[in-house]
Amino acid sequence: MLALQLTITGLQTGALYALTAVGFSLIFGSTRIFHFAHGATFIIAAYLFYFVNVSGYGVVLGIAAATAGAIAFGLLLNRFVYVPIQRDEGSFFTVFVASFGIGIVIQNIVGMIFGRGFVTVQTPLSFSVELMDGLYVSPLAWISMLCAVVFFGILWCFLRYSNLGLSLRALADNPELVKAFGLNPRYISACAFTIGSILVVPAAIISGATSGLNPAMGHHVMLISLAATIVGGIGSVAGTLLAGLALGLAESLALLYVDSQWTEAVTFAILFLFIIVRPSGLLGRSAAH
Amino acid sequence: MSSSVVLAAKNITAGYGGHPAISDITVELRANEVLTLIGHNGAGKSTLLKCLFGLLESESGIVAVDGEDVTGQNARQISDRGVALVPEGRGIFPSLPVRDIFSLGMHASGVPKKEQADRIGWVLEILPAISEFMNRPAGNLSGGQQQMVSIGRALLNRPRILLMDEPSIGLAPKLFQDLLAPIRALQQREKLSILLVEQNVREALKISDRAVVMKSGSMIWEGEPAELEDNERLMELY
Amino acid sequence: MSILSFGTAAAEDHTIGALFPLSGPNATYGDVFMSGSDLAVEHINADKMLSGPLSIAYEDSQGLPQPAVVGMTKLVNVTNVPYVLSAFTGVSKAISTLGNRNEVVAVNGGGVGPDLAALGEYFWNVIPLVNLEVRAVMPYLIKEQGIKRVVLIYIDDPFGNSILDELESTLESAGGELIETMSVPTTAQQFSGIAAKVRAAKPDAVYIASYGAQQIQIVKQLRDNGVDQQLITYSGYLVPDALALPESEGIIATGQGVNYNSEDPVTKRFVADYTAKYNRAPTAYNVNYYNATYLFALLAQALEAEGKEVTGANLLAKRKEIGTFDLVGGNVSFQENGTLLFPIQVKTIKNGKTEVLDTIDFGK
Amino acid sequence: MEAYLLNLVILISIYSILASTLNFIMGYAGIYSLAHAVFFGVGAYAGTFVATHFSASIFFTLPAAMIAGAVLSLILALPALRVRGEYFVAASLGLQVLAVTIFSEWKSVTGGIGGLIGIPPLDIAGFEVFKPNQFVFVTVVGLIIVLFIINRLVHSSFGRSLRAIRDSESAAAAFGKNVPLIKTISVVISSALTAVAGVMYASYLSFINVESFTLDTSVLIMAMVIIGGTGTQAGPIIGAALLLLLPSLISYLDFLPQTEIGSIQQIIYGLGMALLMIYRPGGIVGLKKQSGGGKK
Amino acid sequence: MVSSQVDTQEVLMEIRNVDRAFGGVKAVDNVSMDLRAGIITTLVGPNGAGKTTLFNLITGELSKDSGTIKWLGQPINRIKPFQAARAGILRTFQDLRLFNEMSVEDNILTSIEANSVPLPMAKSQRKARREKVEYALSRTGLIDKRHIRAKDLAYAERKFLSMARVMATDARLWLLDEPASGLDPNSYEKFLEILREEVKQGVTVCIIEHNLDIVIGISDRIAFLDRGKLLADDEPQTVLNDPDLRAIYFGERT
């Protein structure tokens, strides 16, 4: 029973990881921008929802505000930080440092505005229901998994049946050539940032209700996203989804065998081994040189 | 020979980071002709092509398509006027299968979905070898195969004006001929105008109506290919 | 810089230092601590207790050792303070060597790890350490609520480990049983898995030993995930953020026994002014940093009266000499190891406020 | 004041060693490691272990720390041989997180999160060094030696090989370079020298715990290198000085509200990182990269 | 640069029944050929014939599916690229792979420092090394560009740098993958001149080339590959006049 419970818990966690990670993976996979501030997007979306919600404007407006905030942040960052750096042929590391810096800025600004402590979105949906003896599942768990399925479904179709998916891959391969095709690389990367930022919104909102928020949690979110992206294979949406779920499950099921302070180590041991044994990730294209 | 000018550069000066790579270039591509542009390495041929296709902003001068000023327009706008570019180097996306590169190319230039299959069929008639590797990632193809894909992609737009930057690099002679012959045929059948940049002068001149020679960023000669062929002039000019 | 500090007992500006987490994940504590010490400064200056105005130089420790050492060095060498308010176990341990070497008193009013009792002469605690809290609450619960089987969720650091030790021995001697222990890393955010394990263990009560945002998350997630047993925790939980959490309802927590209703003037004034100034009831942390600051003023006042310089060494000597002080919460005395002995209260949280169930006084 | 300055110089020297050793693998070999703090920690713990259990003499502590760092760095070399770029970054990140867990759990050696207190001062041939005005010499001399070693390596055939490997691994191999071996050696050297900084740090602070060796430290060191100028000699030192002084300088700005000063400091730090990367991507010392420049 | 007396009949490298497939594509199919000392062997063949792949198999960049390769009489079947280089087999790449961030001079220097160990060197050794670098720089006309980063060079200069790296070494066998493609006639004339000069001094060259002028201009022997199979390995005249091969390669009807 415990194993079943932990599996469901793991799937819930994994669904949220996957959603956040896919956003990062999509952005990184197509623009090669190491968007470490993706964690900050998460924080912004989560706190905007929280703010609108506690101010009494309700869930729908909250979601709208969170989505708008996430997109705006992603696009502005791309336009005013990443684009200028890339123009000077900055290495992906230059971008990483800038992005990390922005992450710190956001964390502290959010801390100054909303307080550095813990806030939580109150909703009856986070209370677990006993499904059978000893198996408790909260409605949010189902919502998380549903969100993951729906968002991935939409994303999958979108990438598959619109040419944007192709454009994103083309951009990753050769940004200069994209121009010669008559496409605008700026526009494509803006699309990547928009979609990637939208994808963190459900995870951010749900996390606000399940595990609560504090401005420093963007960091952790980011690390997990990164792990899932690599384990899944950079640029592979399906791979990242699987990896996100797998990491969530591993983290949860590891509790059966080890103390919880080792669970994070389990996640990152998986990451480390994956890179050594199968650098291209679960479904990625070959990455070893 | 009709003498209406389809693509023209007037007094173009352009370069990178403040250093002009071409200065005060004037060149005219006439309707239904193949114009070959030759010049030593670094003469500025590719730079000129980039200016014409809106990939590089010129510092001064005018670019005109069909007599209309298109200076400052981007590649998309220029390609909408029926211009296509086969870029220098390998014009492919390594991770995309050939089929996807084609559909992306057609999407970029707004070819309706319905028409796409027909166009691919049409290109495969001109470059039949491509059908052998339609579904393989372009990165795994040999250099020549990649070049075919790049040309095929440009043709899919059914351009009236085709700019090609050293398509022969890395191509076996037969392949290059196999490429040039249908292109020439196509050009005459469809009234195409082609601006060809080539180092492989001998082959290129065979299909050319006119030639221009560039040196160190300037135009130094213009005339009939026959004057260049088997001519000491050529060596002199380089 | 050094010339200034040769000034004698004539009208003199006094500055003490404080190493609080002002940024980072624990910054919420910084605000809590400051509200206590700032109020003390207001009172001290209003009363003109010292020859010149007192001020506090705050340095950001981020709750981490290295920034704390840098801050401490600055306080010791640049600001030249004789007395530093410290918080957090890691910070306190890291700066204790500097304090001892430079004869600067460091006073802890926030950390409750038992190893804080052994950091040398110049390290004082104006807070009862957590082993006392465990020793107080478990026998009470076993007796009053019939709790026997306890699960412990603890943070895997010296603090958490000392609770583990204390809980094991206390439960054994009081007739309870520690049926399962689960340690969590400091950075963990997700506890639904832990909740599942807790439920599987079927305990009577769950003891939670963590701090900062984390313990609030543990409580919330346990409740969300169907753990409806009694939750027990320690004084570190009693911060506004936690009290405001609906899931906190009914939790049993211990804390130092500050009798806010005490009639003594220091306590009365503190409670009245604190409530007025911050518009909320004070907590033990506010009290402790108020006390720590106030303690300095008392000692410095005594030194000035004797015409002695206010140095760390003199403050230490004076504290040993006086021994017992009138601070918020009554007349309290220091143990030999520099730790204040306070009674411990067992409280429960009702409607966002604490309600005292019992007071256990070890001193008597 | 003086002691405070000395204190800063000591910390800057120690971090300069860290930044320079990271720069050695990052700037010259193209190995972007986010696990540098691990070897810093390994050095600190190993040195402390030897100092408290056997002898505080640097003739024991330093070699022990360097060997420990070198041996453990083979774990880092493993992914470095297989992958590059962002994949290696992720691998080193994994190693960093794993190491932090081990540092906090292996309590008998590391003291866990509680850390180790009362670490003995450096013992140099019987002479105990702990006062800032003495310690400063040790760290500055240490830094100079490390810089000298790195400088020699970088300007030798070894350094050229490293850069060649960074630019094109397959071409380097085609010209006879044993790529795995050279990469491994560079990681080992870098880690062993990093461990030296660990020993100094531990005995200077006399207290260490896992919090000094976390991912944040690794990122800080990396920021020092990048902000100062990757692949330059002076860059890492300038970066280290700047990032360590920044918080102190900001705390002198009295007009800032006390309660928010920590946040403001962090915001300035973060913003500084971003702006610098936008306007000087090559770092403070590095050349401002020109756009374009030759054909690709 | 090895010695000026070379026996042009000596077989330096013996390739026997070498196979390599990528998925279903047989890139190199049962190829057997010899590389003889002191001559230029040109590998020609249509695109995708497997020429580059053959180079990769020789230097160990790719592993063979089957077959053997002998170098100076010794089998080198499981050789790694760096070992091949140390044994005297050097190659260039179709896409150049210069050390882009390094100066022209350092590019050449590092290419002749195979073992990378920074041991102190005798003065004479250092001098010899210097001379080799100067030689390569001056022969390729890069003397003035010695301090420029490789990636800032113009196209032709990059091609010449790729050659200079090889020229400075003591390698006996050069495998050159389309070293002259894209060069203008002036430049490739200069390139051919360099190559002939080097061969005269004793190196052995195997070159992949498409440009007919170059093929005719330099080949001592031509090996013809098509779809992975070696169709001919003979005197230039024989190969160039073979009607079947002409049809495949030059597209002329018989």
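When the chains are written out, they are named A, B, C, D and E in that same order, and each has its own residue count from 1.
Here is the rule we use: a residue touches a chain if its C-beta (ideal position, glycine included) is under 8 Å from a C-beta of that chain, and two chains touch if they have at least 3 such contacts.
All of these numbers come straight from a predicted model, not from anything done at the bench.
Student: Of all the other chains, whose mean CA position lies farthest from chain B?
Tutor: The chain farthest from chain B, judged by C-alpha centres, is C.
Student: Counting contact pairs per chain pair, which pair wins?
Tutor: Pair with the most C-beta pairs in contact: A-D.
Student: Need the CA-centroid distance for the pair chain D / chain E, whole Å please.
Tutor: Centre-to-centre distance between chain D and chain E: 43 Å.
Student: Just the number, please: Cα centre separation of chain C and chain D in whole Å.
Tutor: Roughly 35 Å separates the two chain centres.
Student: With chain centres defined as C-alpha means, what is the inter-centre distance between chain B and chain C in Å?
Tutor: 77
Student: Residues touching two or more other chains, restricted to chain A: which are they?
Tutor: 108, 111, 116, 261, 264
Student: Chain D: which residues touch two or more other chains?
Tutor: 101, 104-105, 170, 260, 263, 266, 291, 293
Student: Check each residue of chain C and list the ones that touch at least two other chains.
Tutor: Answer for chain C, listing residues that touch two or more other chains: 23-24, 27, 156, 185.
Student: Please output the residues of chain A touching chain C within their complex, sorted ascending.
Tutor: 1-2, 5-6, 9-10, 12-13, 108, 111, 115-120, 122, 126-128, 130, 134, 136, 138, 210-212, 214, 216-217, 220, 251-252, 255, 259-261, 263-264
Student: Of all residues in chain D, which touch chain E in the complex?
Tutor: These residues of chain D touch chain E: 152-153, 156-161, 163-164, 166-168, 170-179, 182, 293-296.
Student: Considering only the defined contacts, which chain B positions touch chain E in the complex?
Tutor: Within the complex, chain B contacts chain E at residues 39-42, 140-145, 147, 166, 169-175, 177-178, 199-202, 234-235, 238.
Student: In the complex formed with chain B, which residues of chain A make contact?
Tutor: 163, 166-167, 169-170, 172-174, 177, 179-184, 285
Student: Using the touch rule from the top, collect the residues of chain C that touch chain D in their complex.
Tutor: 1-2, 21-24, 27, 30-31, 34, 58-60, 62, 64-67, 69-70, 73-74, 76-78, 89-90, 93-94, 96-97, 113, 115, 119, 156-159, 161, 185-186
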